[in-house]
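Common to both upcoming complexes is chain A, partnered first by chain B, then by chain C.
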Partner chain A sequence: MTQTMHRETRVKARAARPPRRRGGFLPALGRFSLFALPGLLAYTLFVLVPIGMTGYNSLTNLNPFNPPTQFVGLRNYVNLLSDAEFHQALLNTVIITAIITVLANVGGLLIAMLLDRPTKLYVLLRGVFFTPVVLSSVVISVIWQAILTDDGLLNSALRGLGIDEPPGWLSDPDLAIYSIAWIMAWQMLGFCVVVYLAGLQGVPRELNEAASIDGAGPLQRFRNVTWPMLAPALTINVVMLLITGFKAYDQVRVITNGGPGNGTTVTMAFQVVQTAFVSNRIGYSSALAAVMLAIVAFISVVVLRFLQKREVSQ
Partner chain B sequence: MNARPIVATFVGVVFFLPLYLVLVNIFKPSAAVVADPAGLPFPPTFDNLAAVLNRPDHLFTFGLINSIAVTALSVTVLTVFSAMLGHYLARSRHWAAKVVMGTLLCGLMIPVPVIMAPITTVLKWFDLMTTLQGLVLVNVGYYVPFGVLLFMGFVRGVPLELEEAAALDGANRFRVFWQVVFPLLRPASASVMIFLGVWIWNDFLTPLIVLGPDSGTTVTVGVYRAIGQYQSDFGSVFAFMFLATLPILVFYLALQKNFVKGLTGGAVKG
Partner chain C sequence: MRRTLIFGLAAVLAAAGCGVGETSQPEGGASASSGGKVELSFLVFETPNLNAAFWDAAIARASAKVPEVTIKKLVTPNIDRTAYAKQLDAAGNLPDILQSVNPAGFAQAGKLAPFTDEELKNFIAPKAGAIGGKVYQLPYNTQVIPVVYYNKDMFAKAGITATPTTYQELLDISKKLKDGGTTPFIVGGGGADTWADMYPLTGTVATDVYKKTPDWLLQRAQGKVKFTDPDFVAAAKKIEDLAKNEYIDPAGLSRSYADTEQAFRDGKGAMYPMGSWFATSADANKPSFEVGAFPWPTDDGSPVTPTFTGGGTLVSATAKNVELAKKWALAFDEDKENNDAFVKADGSIPAIKGYTPPADMGPVYNATVAIYQKGMQEGSIFDAFSQEAGDGALPPGLADKAALGVQDLITGKKNAQQFAEFLDDEYAKATQ
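Right after this comes the complex of A and B.
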């Protein structure tokens, strides 16, 4: 008893008085340069300065092959409003994001509940679902391209089953964007499974047993016991998938390169990169990038806040 | 009657089908890939793997060397820099430390395409465009917030008394960090290395732009370059991908055990 009190006072005393440092400005500067500066310098040079440059360039008509560069104010942003390609890219990005968020979350939750057992079979299956998460999206894209392309493995199989004109999964302008979304959802599924499994393992068994004794059926138990306890897992998965969707680039570049037809699978990230590195319109690309960053920031902050509030209120 | 194992196995098999197709078709000649894509490779051929290793343009072998160099260097530098910075920020009581932390957190959500064009400008200032060093530096700058975030959480679990005791015994700041703190952060180092190793190995846009089309590239970008040439020769493409993925998969599986051990190791001390 006295010992605990003694310890408490000691802890309080330490909290009140910062630990003595071998003081002085020069040693502090030395510590900073040694421990903090290397990381901060790299971060400043390759993230902070570029962000500032993107912001500044978005107000100019910078094009290295078409000088002189002039300050154009908000003209790039105004032009965005009437840019049909941008509207299509925004719509495509929203479609992809919506599909992968719903598909990977619903699928991930169902599979996590299916695999929530400790025996070897289920541990092995967890590994199976997680494998695509560890693979490069380039690799995943190439695998699915081989499957979904017109004379690919899927259509060969369908023809074998007697379907003479199987769909052009990647060549049909109305279909390609959904194929891309499906591929991304397939890759992200394992991430959701693992996060939901961690959430399920945090649900106390007593709670479910108590609800069961009180006469709650499996659906009621899920609705009132398990689901509320999974709120933090849902937050992680939704935010992660929203951001992944809005960043979608690799799959488009590898599989369709924006086509088929006129930009039917162009995403915002893809348009940013193409405008900068193919059309060399750095100024306009920067305005696109700024809008994209604003959306991602909005999702990260607002959606995260909203979902976390929901966690608390449940 | 318990349907769970049957349903679970069935769903797992369907999900795994695309990866199965890769694994079996690596060992088949082109004709067999088209005729019978799902069948087992019998008798197996190693021509596809040999062709990738013996490419006259060395796309795979040079890419592999580049990937190993870039990933190993980036991850090592990142582990050291973010452990030091994370420790510094976690222990600092200066108000500026909070501002720095907030700025780093913002960096976590910035998508690469947003800063890609200016990154090339910065690299040109230092004449580092199309060099492996340039790519390593970009990786370090971009991923340092993630490392710092992870290390800061762990540093808070290291008792300050340990550092004070070492300082009383006459160790300077540098020795306190490297001989007392850093070894205790091993689980954090393992997680940082797993995550960043996998991410950097798998990166596509950054090496594609930074290394450019003329000089060599990484294996992951090599997969992208290879598909254009092979067209629909799936066996060769799959073999290329398989070999490009194998090193990072081995790295992941090897470190993952360590990672779990590190986590549970701390739990026993109580």
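Right after this comes the complex of A and C.
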């Protein structure tokens, strides 16, 4: 009986479907080209070609202020292996990325759970938390600089509380990188909140109700129902935060300029720009950019695959 | 082809979100004719002293003298106009006319048009900043770097009755101030303004290195001397010791240039080693105390006046009309009203024959000019380290590295010897 009904439904659906156009491969290719070509051209011109050129430049000693340009093979890449400043920049980038990935995810999840209520106040608060995401990183940096400098709002408040020598959030070489990471995590928090909220609203109410009836407490319901259902949101957040961390530039440029001291808060992206446009060593900076691209691509793919497998297994 | 390749890199950086794409990109240096006039792009930078209104008025005055030209003003995203000019150049958009960009690298690569002796006849030091015998940047003004500006009230309160003439006296004064609970030196260098921490070292290099060997940096380029030589290490050691004795507060390294100036105004320290451009700022916007000025002292009390002469306008070798661009640049730099405005806004000491500053200049500016004039009379003018232009300049990028290294000296992350070794390493990288 059920099978007959399904068969009838399929026949009706087939009858309702518009007749398939027939015209062969070439007309199909023409239609494909019409719609895809502009995008493909733009992508090729503005992404693939520059990446190729960067790869080419990385094999030269290109310095526009010190011609002639010569082909140097893999020398730039070999030099990177023993370049202490590159190692420091890589380490700083990893520290910043790790901190913002953890902080923004944990904070975002907690706030999303607090805001997962259908009242107007909570809807308004969602907007408040998302505001830093849409603000320019430069604006955010200037605001936080005013808060964290020695004479800034935070230290003034701490002095008001009786702490005579508050920390040098931006001037202490041991603290500055954590200040940068905190600011970036703060800015990305709203993004994580929104993604987790979307995930939370996709969790079927019946599952939680069923778990409650089965005697599960709030922690058990979170661990066994909510958290597994948030796997796609976690994937999006982690990958986005990894990419954001690895390309950290704006905040470093505005807030510390790589200091205090040499290399303290220099990130890979910052070093690429400084090497290219301050030291004029465009060949070497291209090698840096290529390595940065490879690292970001590799980590993104590995993490994406791992998290997507987790989604499937959930 | 090369421009295309470099543009490729810039595009990749922007695509990778490295931030280059976030700055407002002006249109290219290639200019268009409009209504029979030639439109030339002019790159300027804005500071609290040199604001948008200042540049607009100055441009209008020069354009009135060269009516064949219309100017399209481009503004750098921050005070580092040289780095921004390099970015524009990398994308093939070097502006036609540039203000106060360091010509090092640009000139050697043939990207700038040299000025002729005839064009430079009105300048007091027509060969200042020459590169290979040619002058690419109009030597329109002199700056004394550093002058030690001080808070007269704090000095009086600490019982200090005279300004120091020897380095030991400077240390004695610093000790008195510190013992009385006052931070002796205000030094900044936070945010993008890392350069603002350089001036104590600029002072000690002038007194301990350049006084003995005026062409020291030229000799460094020839490999005859090194930063690790005893004289330079001794100059750096003085900064290390100032920081160790807590005469410089490392927390100041989080302050931007503007915040550093404000900290001095707010009485957060007694002495402010800064370029002479601070003078008119102190006169125009008087703090609640009187400001005095003295030169950075030497060990034996002999005079040393570190200065920089140059800093004017440059013209791109590929400007649409190089001759008109140079004519406009000369009109801009030689204009009496423009120089008056530069003097009033930025404390410049114009190096143009027959120029006299406005009669109503304030006491701090006059005290600063007096230091310079005394230096001229005594023959004690030397280069200001990290500010040099021309053949004796630091290689591109090294001044920025030196400023970061000074932060390490102040925070104690490096000692003087390590700082000197760091500079030698960076020098080798910059010139390879």
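What we mean here is this: the second predicted complex is superposed on the first by the 269 of 314 C-alpha atoms of A that agree within 3 Å, B and C clash if a C-alpha of one lies under 4 Å from a C-alpha of the other, contacts with A are read in each partner's own complex, and residues count from 1 in each chain.
As a convention for this text, a contact is a pair of C-beta atoms (placed from the backbone, for glycine too) under 8 Å apart; a residue touches a chain by one contact, two chains touch by 3 or more.
This one's a predicted model, so the numbers in the text were calculated from it and none came from an experiment.
Applying the stated contact rule after C-alpha superposition, one finds that A:Pro260 touches chain C and leaves chain B untouched. By the touch criterion stated above, A:Ser136 is placed in contact with chain B and with chain C alike. Once the two complexes are laid over each other on the shared chain, residue contacts for A:Trp227 go to neither chain B nor chain C.
Within the superposed three-chain model, A:Asp151 lies in touch with chain B and with chain C [touch as defined at top]. In the overlay built on the shared chain, the residue A:Ala297 is in contact with chain B alone; chain C does not reach it.
Considering which of chain B and chain C touches more of chain A, the answer is B. In the superposed model, A:Trp169 lies in contact with chain C only, and not with chain B.
When the two structures are aligned on the shared chain, A:Tyr122 is found in touch with chain B, with no touch to chain C.
By the document's definition of touching, of the two partners only chain C reaches A:Ser279; chain B does not. By the touch criterion stated above, A:Asn66 is placed in contact with chain C alone, chain B being left untouched. Touching of chain A by both chain B and chain C, each in its own complex, is seen for residues 46-47, 49-51, 53-54, 57, 136-138, 145, 149, 151, 247, 249-250, 253-254, 269, 272-273, 276-277, 282, 285-286, 289, 292-293. Across the complex, chain B meets chain A through its residues 4-5, 7-9, 11-12, 15-16, 18-19, 21-22, 34, 37-38, 81-82, 84-85, 87-89, 93, 100, 103-104, 107, 109-119, 121-122, 137-138, 140-142, 144-145, 147-148, 160, 164, 173-174, 177, 198, 201-205, 209, 220-221, 223-224, 227, 232, 234, 237-238, 241, 244-245, 248-249, 252. Interface of chain A with chain C (complex): residues 46-47, 49-54, 56-57, 62, 64-67, 69, 136-138, 145, 148-152, 168-173, 247, 249-250, 253-263, 269, 272-274, 276-280, 282, 285-286, 289, 292-293.
Every residue of chain A that touches chain B in the complex is listed here, in rising order: 18-19, 31-32, 34-36, 38-40, 42-51, 53-54, 57, 111, 114-115, 117, 121-122, 125, 128-129, 131-132, 134-139, 142-147, 149, 151, 153, 156-157, 186, 189, 243, 246-247, 249-250, 253-254, 269, 272-273, 276-277, 282, 285-286, 289-290, 292-293, 296-297, 300. Within the complex formed with chain A, the residues of chain C that make contact are 2, 4-6, 8-9, 11-13, 15-20, 22, 83, 86-87, 89-90, 105-106, 108-109, 189-194, 249-256, 259, 263, 266, 268, 396-397, 400-401, 404-405, 407-408, 411, 413-414, 422, 429-430.
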